[in-house]
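Right, I'll just put the structure down here and ask away after.
Labels A, B, C and D are assigned to the chains in the order they are written; within every chain, residues are numbered from 1.
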Amino acid sequence: MRLDSSAAGVYPIAPTPFHPDGSIDEASIDRLIDAYIAAGATGVTVLGIMGEAPKLEPEESLAVATRFIKGMGKLPVIVGVSSPGFAAMRKLARHSMDRGAAGVMIAPLPSLRTDEQIIGYYRQAVEAIGPDIPFVIQDYPLTLSVQMTPKVIRHIVQENASCMMLKHEDWPGLEKISALRGFQRDGSMRPISILTGNGGLFLDFEMERGADGAMTGYAFPEMLADVVRLQKAGRRDEAHDLFDAHLPLLRYEQQQGVGLAVRKYVLMQRGLLASDAQRKPGAALSAAARSEVDYLLSRLAARDSRALVRRSSAAE
Amino acid sequence: MRLDSSAAGVYPIAPTPFHPDGSIDEASIDRLIDAYIAAGATGVTVLGIMGEAPKLEPEESLAVATRFIKGMGKLPVIVGVSSPGFAAMRKLARHSMDRGAAGVMIAPLPSLRTDEQIIGYYRQAVEAIGPDIPFVIQDYPLTLSVQMTPKVIRHIVQENASCMMLKHEDWPGLEKISALRGFQRDGSMRPISILTGNGGLFLDFEMERGADGAMTGYAFPEMLADVVRLQKAGRRDEAHDLFDAHLPLLRYEQQQGVGLAVRKYVLMQRGLLASDAQRKPGAALSAAARSEVDYLLSRLAARDSRALVRRSSAAE
Amino acid sequence: MRLDSSAAGVYPIAPTPFHPDGSIDEASIDRLIDAYIAAGATGVTVLGIMGEAPKLEPEESLAVATRFIKGMGKLPVIVGVSSPGFAAMRKLARHSMDRGAAGVMIAPLPSLRTDEQIIGYYRQAVEAIGPDIPFVIQDYPLTLSVQMTPKVIRHIVQENASCMMLKHEDWPGLEKISALRGFQRDGSMRPISILTGNGGLFLDFEMERGADGAMTGYAFPEMLADVVRLQKAGRRDEAHDLFDAHLPLLRYEQQQGVGLAVRKYVLMQRGLLASDAQRKPGAALSAAARSEVDYLLSRLAARDSRALVRRSSAAE
Amino acid sequence: MRLDSSAAGVYPIAPTPFHPDGSIDEASIDRLIDAYIAAGATGVTVLGIMGEAPKLEPEESLAVATRFIKGMGKLPVIVGVSSPGFAAMRKLARHSMDRGAAGVMIAPLPSLRTDEQIIGYYRQAVEAIGPDIPFVIQDYPLTLSVQMTPKVIRHIVQENASCMMLKHEDWPGLEKISALRGFQRDGSMRPISILTGNGGLFLDFEMERGADGAMTGYAFPEMLADVVRLQKAGRRDEAHDLFDAHLPLLRYEQQQGVGLAVRKYVLMQRGLLASDAQRKPGAALSAAARSEVDYLLSRLAARDSRALVRRSSAAE
């Protein structure tokens, strides 16, 4: 159950469910777990950016991770441990592993600029958490403002044997997947798992470029799982047909800042979250936006019946 | 033919066509003009970011603008005059107006941060070009890293009588349109035209929020024109059906940096540009990317026959 | 002992002393306290950026704050509570006040851009910590990349009765002090305390523009205290003479990133810190840099005998 | 007279003098030239950031460069040719060389982030201007937000035989000089000239780390020339004594944004510029700031009689 470089499929990025008063909603965690397993997830990632990780206290972070680990059973759980300080990173990483996590995910500090700074940061991070914990590089320039070239990623992979996966969410990012797979072919980089993020906005082609699957928070992980499966089976047109049906909603979710509010709202409409509350500071959804999402859901349901939502949109 | 606040419809953002040797391709300009008019464009915007404006010499900029002005006949041409210095901005603005431009478009300097800095910049820009030239605010935070709130836009509009239009390409941006139209309703801002950009990625809903149309470079302006027309006629579902058919390609075009290469390639495949060459520094399209675009075009053609491309994709 | 808007004098920004193994060095905290009091400090600020606050665990933060509070006796202690999440901010703020802190300092999130975002953030922060806790605005664009105009600061001050002080470290920043004092004179803003940061690089003139004192980490707080005192006594030339004597070292300390290493080294040379260790990630000082600092110290000692360091520079 | 890697001494960065109406003031150019030669300058650099280069029309840029080239006689003139487009860069570079320039200076585009992007940009720039034109790398992260590591600089130097000099203005930057000189010692980089900028704020130690001189706009180039000369003669204490006398003013000049206004004001007070006018957009100096500069000048004059200004400060 430790993460290795053969990881594939769909690892949903889990939101952290809150009650309207800001306390953690454990029952919704359990419903999310059931839904992820039913959707065909091969793992789950918790305490990412979408999980509002910086808004949690250390003990809350560990409690959320632990609940997911127990609930997912034999499926691997990756715990986001990104932190401005290595002491906190180490503590959450080691405690999560003690409780059964499969690995951890580490985003670079937003202030890093040069190749050397980025490489040096991962070196120090591995030193901090220990070389025995499998880890995932999070490459998300749009939000983190850190740009890693394929060569930098290769350097990190080759230098740190415990690096097992790239969470790829550069944008544009298709050529990056091709470049990394090229490094594997020419023998200059050992194989790693590449799961893609960015809300899935290019998942259709990312699979064709060589991704192993998806790690993102789109509110219908069953679609992500199907597209991954269809592409691996060589059923290209079917994969694109399904993807295209979801693209209008997926594109709506993939908005900086407000995206999490959209996702929590859809997950609430699907009956998985009891509330779409975020801890402050957080973006809220206007009535107009909620109505737009409802419209997108109704249009999607005409093409994918799984999008028929349980609740009426009068819930607001 | 001077731009005023009633402007509506579709103003394609024109690329600047180059020959492979970097010289300007005037025949392709003429073909673009014909295509825009045939597609139902109500105007055109030249020398924007997509027009590679900073890579042109002053005399080239004026020549490109002049050719478009002549070719578009009675349809208005907006000329991008953004510049690090007000002397160059003034010169291009006044010379373009002398040659028949309808107005100019001004982006803020990327270094501007505070509300006061942004407002002050537009005040100085109007002082520089003169208060008699109708102008468009370009609001494009993703590329320019300048964030204008609705109140800042209102301030600029109220302070400068020659401000006629907002080129809206904030992301996310739907609430901004609603806020600005709310200012008009409560009487705190005079009416302005709002045309939306961002590749059209949210045009479906932008029209519902109150936009007057689109000003963007998507390679099928006929789709933009139809969606605008259908939404204005209240034919919501039809508008979304057509939009959704184009969304997979549109999303592919709307990639930072490489997007212009995709657009020029599609316009070349459509027979409008003789070459997809960019002046340096510019992004190139890999063989894999060209093949992905070809695939998207073929899928699109099955739903919108206008996407049947003239040339074979063997052209590469 | 609660912070109010009459605060003045010198509040050194305290570093957090670490042993070489990364644990907190309490004995050095006690020596710092004694030195600050002897130097004429009128208060102290802990857990700022210079205090490596993001690298501490919550319980460590509170322990450091508590030790300073006890040690400073009747002198006020301001606790930095900046955090990506309001839950953690509230917890540290309230616990620190319970233990006797005089107030808290809040820096804006680095992602804030527009005036409204900044104002809204402080509104939410006050909501989170409660309106009964006196707070300080930290205005440090060079490091935080958030730019607050004088009007934005005025808005925050007028909206939040618990705002007592501005830690001013904009650069350039002299006109900002004049603008804010102008707001007080014209009655549009209630009086607040302004203590200046930026390593003291402009303290000589900041006092003349209307600052109440300094809040910064320069390793010779006695100089800061003297300059503040001399300027308040109208002894301008003497203030500048003393300031100029320290400027070569002060300038050397005021380097982004490596500055903290310089300060910890000087404080170690002065016998106040047992070690100049930082928690990772942190910048280290090269042998050449240490030798340059030693040279600056020796030159300074010729003009201000307080700069005669206790230890030999052979310590390295 | 072509620039080569043995360049040393002081190359003042020349401001572009304007009349209050914004036209170029040629008589002041001539006075600057005389003053630079008298101050011991070994060359001059025109059309840099401080020269307000982006605010000039192409023909104006060439005219300013040409006047400096003629006036400096046998002393080398470096022309800043940084531009968003390579066409304009090539044109100004080649025309300037035709008129007798010694070389050109190229700053990276502010959007560049990764090592590869920076290296690729210089490769393309050399391709654009031609491999026969000696060029200078401008490394100024604070303003350009591009961070070049020593290894990146080495790569550019090794790849482009026409690279002759680094204008070093990283901050902090002392270790960078040491690292580059280390590359020369270990044979991994051919020797280049390193002249330092940043207003001279660390010139005292930069010379000790291995710089060949200064290229910056401090309004007393005679001090820069003396410090360079004294350090080369091994007269360390004297160099620091002179430097320290100027540091209060130098620090005041070295403020982002407003710094150019300070410099033009001092140069006007010295009788070299007829006006301190800048083209818009530009920062202006308040009455309080002018009075502070006058005070600094009077204090400086007590230690360095060359700072006795010709004009009365009542000139405002």
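The criterion applied here is as follows: contacts are C-beta pairs under 8 Å (C-beta built on N, C-alpha and C of every residue); 3 or more make two chains touch, one makes a residue touch a chain.
Everything numeric here is computed off the predicted structure, so don't read it as measured data.
A.B. asks: On C-alpha atoms only, rotate subunit C onto subunit D and read off the angle in steps of 5 degrees.
C.D. replies: Rotation angle between the two copies comes out at 180 degrees.
A.B. asks: From the centre of subunit B, which other chain's Cα mean sits the farthest off?
C.D. replies: C
A.B. asks: Would you kindly tell me how far, in whole Å, the mean C-alpha position of subunit B lies from that of subunit A?
C.D. replies: Subunit A and subunit B have C-alpha centres separated by 33 Å.
A.B. asks: Need the CA-centroid distance for the pair subunit A / subunit D, whole Å please.
C.D. replies: Chain centres of subunit A and subunit D, defined by C-alpha means, are spaced 47 Å apart.
A.B. asks: What is the distance in Å between the mean C-alpha positions of subunit A and subunit C?
C.D. replies: Roughly 38 Å, centre to centre.
A.B. asks: Please set out, as single numbers or ranges, the residues of subunit D touching at least two other chains.
C.D. replies: Subunit D, residues with two or more chain partners: not present.
A.B. asks: In graph terms, nodes being chains and edges touches, is this line, ring, star, complete or other?
C.D. replies: Drawn as a graph, the chains make a fully connected set, so complete.
A.B. asks: For the complex, give me every residue of subunit B touching subunit D.
C.D. replies: Residue list for subunit B touching subunit D: 22, 52, 54-58, 83-88, 91, 109-110, 121, 124, 127-128, 279-281.
A.B. asks: For the complex, which residues does subunit C have touching subunit D?
C.D. replies: 171-172, 174-175, 178, 201-202, 204-205, 208-209, 240, 243-244, 247-248, 251-252, 255-259, 286, 288-289, 292, 299
A.B. asks: Give every residue of subunit A touching subunit D within the complex, in rising order.
C.D. replies: 113-116, 147-149, 151-152
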